[in-house]
Structures are given as structure tokens and as C-alpha cells.
Amino acid sequence: MKTNRIEAFSDGVMAIIITIMVLELKAPHDPTPTSLVKMWPVFFAYVLSFVIIAIYWVNHHYLIHLVSHVDATILWANINLLFWISLLPWVTVYLGDNHALPFPVALYAAVSAAGGLSFFLLRASIARHHHHEPDFLRLYKKMLRKNLIAIFIYMVAMALAFIYTPLALMLIATPAAMYFLPERGLGFFVNGRSS
Amino acid sequence: MKTNRIEAFSDGVMAIIITIMVLELKAPHDPTPTSLVKMWPVFFAYVLSFVIIAIYWVNHHYLIHLVSHVDATILWANINLLFWISLLPWVTVYLGDNHALPFPVALYAAVSAAGGLSFFLLRASIARHHHHEPDFLRLYKKMLRKNLIAIFIYMVAMALAFIYTPLALMLIATPAAMYFLPERGLGFFVNGRSS
Amino acid sequence: MKTNRIEAFSDGVMAIIITIMVLELKAPHDPTPTSLVKMWPVFFAYVLSFVIIAIYWVNHHYLIHLVSHVDATILWANINLLFWISLLPWVTVYLGDNHALPFPVALYAAVSAAGGLSFFLLRASIARHHHHEPDFLRLYKKMLRKNLIAIFIYMVAMALAFIYTPLALMLIATPAAMYFLPERGLGFFVNGRSS
Amino acid sequence: MKTNRIEAFSDGVMAIIITIMVLELKAPHDPTPTSLVKMWPVFFAYVLSFVIIAIYWVNHHYLIHLVSHVDATILWANINLLFWISLLPWVTVYLGDNHALPFPVALYAAVSAAGGLSFFLLRASIARHHHHEPDFLRLYKKMLRKNLIAIFIYMVAMALAFIYTPLALMLIATPAAMYFLPERGLGFFVNGRSS
């Protein structure tokens, strides 16, 4: 199986996931600004998930772009990643509808951690075939650090949700923000090849 | 990242947004023509949003088509645009379900203005790299005028919604209609290159 | 604008429309075969709309395939067609939920007639530029007859829905069936070019 | 009609089907772990359907990839397959919402069997034109055995659902698991061509 096929399917799935979340944004029956403001956890979760899926999409493309062919392990590592991303709309609703209570926040963090871990596994399955290519290795190391930090933050947020939920929410938003900060040679697209 | 990738993803997202709106078109329980006619704000909002997203799609393609490569700023300016377009189905339902009350109409205008502004920002982020290309500049100026007029109209409609709602509704529909009117050398696709 | 772009967008929209209809297939609360059997109008409408959209997709591709470039008229004729097809999931639910009562059946027929008419207009907008190409003309005439028959049948069904609804339902299913029947040189894909 | 067109449409439909299932995953109103655990049939059905559609996608691509051109029979055999896959989200909800009662389990098995049979028919419609190509025949025979076993297991599960439902559920999950087991020269992607 060629790379462009797995890319097109993953693109399709991620485009749908990022879009269908809006179907779960229920409009309040009371058409007033105050009833909208009360929905802040719903909007917080929506914006956060939108940004997270966009980041997955950018990174996924960048990773797959380095690969020339796909074996069964990569294929299923990719489907595993899509599975966990597909659960994001659901935990987004769960978080928003329950007004950011401890357990839904922890579940959101857990699914995010599983997504981060799946991305790690996908990269590892690709690295098996490309460990001798300097281009891939350089990107691999850059991505690896951010990936591991993100998984770690999500796992801390998961535990913290039951202790102090607002901080856990802030932690959950951290990995997404991390990708916007310009870093010296660390940004996944801030280098010579992508611009 | 190459242009065709950002194009394919944006296409996918816009195709999904334009289509899923129909899921929010609830059929009235009473199967009579009168109960359908009462739903006119729902249908008005549906048709309007359908046309607006179609115009975004046409303009987006035309804009991206001029670009040869995409940097991080363009990438995130594009994701920002898709975010605001993704909110259109939600404000469409909010407008339709509340029978075009002042606040939902103002919110629809606000999200439309944000979408117009995001399109402006996307074009600006692209213009940074193409300010010396005559082809791009000519299109840029044509698009700019319509874009600024649309943002201005949406902002007027936002304020007017609380004063005289029917006029605000008409204003909201104006930018969409504006793109159908044949103008001398101003239409975004009515020129030699696109036909 | 090139043909492949309008094709990709139309494909995306039609793939989504044909698929999201299943979201409106509500499972009965009572998990028995009899409660499923009572849902027959829902399943009838689902199967019928699925087949109709599939036929639109096949014909649309075949038509667009003959075109080399797209102007503003063709672009908006295409968006108009997609608009009416996008209403099919909604009238499908309306028909199914109201157990095939006269008015929903007439509305389904009306939207189907509007879809057929939009296809006719799209073809006419394409024919303006290709009236001198023998390949296009041959296909044009073949498609034209089936298209006009379908519009006529839908309009008869619309009126008949209020007189004898079961016959109107049968009429609505006729144009879809018509495309499966092998005809001498008339089938839209049963000729030398497509196989 | 060329192969890449049918491939793109099928890809789109399968990407949407695999993704929209998450919209049917309703969050429990009670935000506790116990209320989530009680939802196990919903999650079981979600994971199972996700894997089954992913397997369809992988096999479908592999099959279509061998074909150079598509006739009307292949086209409609493909649309028939997509129709049965499109029902998977619906039976998934039916199974999950009714806590894996006998009839919904049997219906899930029946739709799965119909999907397997449709895949068999699609392959048969393709085989008519490629019966003299050794590459196709080798793959054909490999796929055929797994396909027939899967249909047989689904039909046994359908009957068993009314006798001992838990065993029927296990049987339904068997064909999906079957594709992960490494087999000597039998796996559809575990051979020299795909890696």
C-alpha cells in the first residue's frame, strides 16, 4: 500500500472528526447572552479539541510525508491513532455537558494521553524502517520530545483532575499551546524544509 | 508542506460543514404545509449558510491556487478560518430555532464578521510572500474590496439586530448576494483566468 | 478553475450526503422484529435516497468528465444541484417519520423534481461550451431523455400523492429503477467508453 | 469510469461511516465511572464496528488496486457493498442501546453477513474480467477463504444469538480478530507486495 492512500484516508477521517464536533454544540433554548456565557465549558472544550485535532493533522502529515511505503504494522498503528482521535468529539461533549467536573476532565486527559501514546507508537513503527535516514532521525528526535512531554502533561492532568480541576484544565490546554510557541529548531514546521 | 495538502484538507472540512447543516434541519412533527411555512427562519438560515460556505470554498481555492508553498503562519491562518466557518452550522441552528430573534441574528452576524476577518488575515499572511507578483496583487486588490465591504456590512448588521431585526437579516444576506452581481473586472471568477 | 477541483468537492459533498442519512435512522426503543417491520417507510426512504444519490454521483462524474474547464455559470449550476441533493436526507426523514403521508410524499417528489431540474440546468450550462463536440452531444441526448422523463414522473407523483399515495411512492421509485434497466444504447454507462 | 474515482468515493464514504459512529456515542448524564462502565455494550459495539470498517477499507483498496477499469456491474456491486457498510453505524447503536439483547445481536450479525456477502459479490464481479491474471487469482483465493469463513461465522452468530447471546457476541468479534493473526501466506497484507 502506498503512502498517499493512508494519507488520504487519515485526512478524510481527521477532517470529519474536526467538523462533526460542531453537531454536538447544542444551542441553549434561551436566546440570551447570559445563557451562552454559561456554556463556557462547552466552548472551551470545542476550541481545545479543534486545535488538538489540527495539530494532529499537521504532525501526521509531516510524519507520513517522510515514509515511502507502508507495512501492516504502520497501517494498524495509524488506525489505532485514528481510533483515539475519533473519541475526542465524545470526551469533548462529556467535558462540556458536565461543566468540567473532575471525572470528565480526567477522562478527557486520559483519551488525550492515549492519543499521544498512539502517535508515539505510529512514529516508532515508522522508525523501524527509517532508522538509518538522517532526515527522518532529526525530525524524529524533535517530535519525540514534544510528544513525550505532552503525554506526561496529560497524565499529570488526569490525576490532578480529582484534586484541583481548574489546574487540570489548564494543563490539558498546555500541550496544544506548546506547539504555537516558537522554539529554536524545535518547532515541527519551523524549519527550512517546510517553509 | 505543499499547497495541495492544505487544499485537500480545507476542501474536506468545507464539504462536510456545508453538508452536515442538513442534519440540524428538523422535520416538524405535524406533516402539514403550514407547519413547514412556519419554519421559514430555519430554511432562510440554511440557504444563506449554504451559499456563504460555497462562496468561501470558491474564494479559498482561488486564493490558495496562487500560492506555491505554505509556511506555519499561512497554515494556522487557514485553520483559524476553518474554525470560524465550522461555527456557521451552529449559529445557523441558533438563528433558525429562535425564529430570528435579535441576539441570535447579532451572533450570526458576529461569526460571519469573524469569518470575513479570518479570510482577510489568511490573505494577508499569503501576501507577505507574494507582494512582488503582479498576478497575485491584482487578485488581492479585487478580493480585498469585497472582503472589507462584507466585514463592514456584517458589523453593521450586528448592531442593527437589536434595533430593527428584519433589516439586519437583509444586511446579512447582502454580502452573499454581492458575489453574484456581475461587476466590471471585480468578480472573483469573472475574469480571463478562471473561464 | 479546473474540473478536478469541482469534481473533488462534489464527490465529497455527495459522499457525505449519502452517508449521514444513516444518522437519521433511529433505532426503535423496543428491540423486537415487529417494531422494526413497522419502520418500513423509514427503510424504504433510506434505500431509495441511497440509490438516487448513487445515481446522481455516477451521472455527475460522467458529465463533468467531458468538460475541460469550468466557468462561473457551471460552478453555480453545480452548487445549485448540490443544494437540492443536500435536502434529500431531510425529506427522507420527513417521509419516513410521517409513515408516508400525502404531504411528505409530495414534498419528497418536489425536492426530487428540483434535483432533476438542477441536473438539467447543469447540463445545459455545460452544453453552451460544448455544443460542437460530437462526443458530448451523443451523451447529452442520451442523458436528456432520461432526465426529462424523471422530472415528469416526479411531478406526476407530486400531484398523485394527494389522490392515491401508494401509487405516488411507486412512481417516486421508478426513475431510480429506470437506470438499472439495460437499454439499447441508452444506459448512461452501458456503452463502449465506460467499460 | 476509471478506478481512482470509485476508490476516492468509496474512501470518502468509509471515512465518514467510521467517523460518524462517534456521534451516536451518547455520554451518560451521570458523570461517574460506574455509569460509564455500564455502557460497555456501547463501547464494545463501537470498537468492533471501527475495526470492521477499517478492515473493509484495507481489503477494498487492495482489491480495487488490482483492477484497471470499472464496468457497470462492478460499480453497482461496489455501491451495494457501501450500502451494507453504511448500515453498520445503525446496528452498532441498536446493539449498544439495547445492552446486547438477542435480536439486536442477531441483526448486527445479519448486516455483517450481508456486508461479507457484498464483498464476495464485488470480488466476483471483478474476477470476471481478471480470471486470467495470476496476480489477481492468488490474492483472490487468499481473500476468498477468509471472506467465506467470515460469512459463515456471522450466520452461525445470527442463529446463536437467540440461544446463548454472549457466545454470539464473541463469534461476531472473531472475523475481525482473524485478520490480525499472522498466517503463513494468508494474511491479506502480510506478503511481499504490500510491505
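Here the chain labels run A, B, C and D in written order, and each chain numbers its own residues starting at 1.
We take it that a residue touches a chain if its C-beta (ideal position, glycine included) is under 8 Å from a C-beta of that chain, and two chains touch if they have at least 3 such contacts.
Note that this is a predicted model, so its numbers are computed, not measured.
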{"item": "Chain D and chain A - chains in contact with each", "value": "none"}
{"item": "Label of the chain whose CA centroid is most distant from the centroid of chain C", "value": "A"}
{"item": "Shared interface numbering between chain C and chain B [over half = same, under half = different]", "value": "different"}
{"item": "Distance between the centres, which are taken as Cα means, of chain C and chain A, whole angstrom", "value": "38"}
{"item": "Rounded Å distance between chain C and chain D, as computed from the means of their C-alpha atoms", "value": "27"}
{"item": "Residue list for chain C, restricted to those that touch at least two other chains", "value": "8, 12, 16, 20, 23"}
{"item": "Chain contact topology (line, ring, star, complete or other)", "value": "ring"}
{"item": "Set of all touching chain pairs, with the criterion as stated earlier", "value": "A-B, A-D, B-C, C-D"}
{"item": "Partner chain A, residues of chain B touching it in the complex", "value": "1, 5, 8-9, 12-13, 16-17, 20, 23-24, 69, 71-72, 75-76, 79, 82-83, 86-87, 89-90, 93-94, 97-98, 101, 103-104, 107"}
{"item": "Residues of chain A that touch chain B when the two form their complex", "value": "8, 11-12, 14-16, 18-23, 25, 27, 31-33, 36, 47, 50-51, 54, 57-58, 61-62, 180, 187, 189-190, 194-195"}
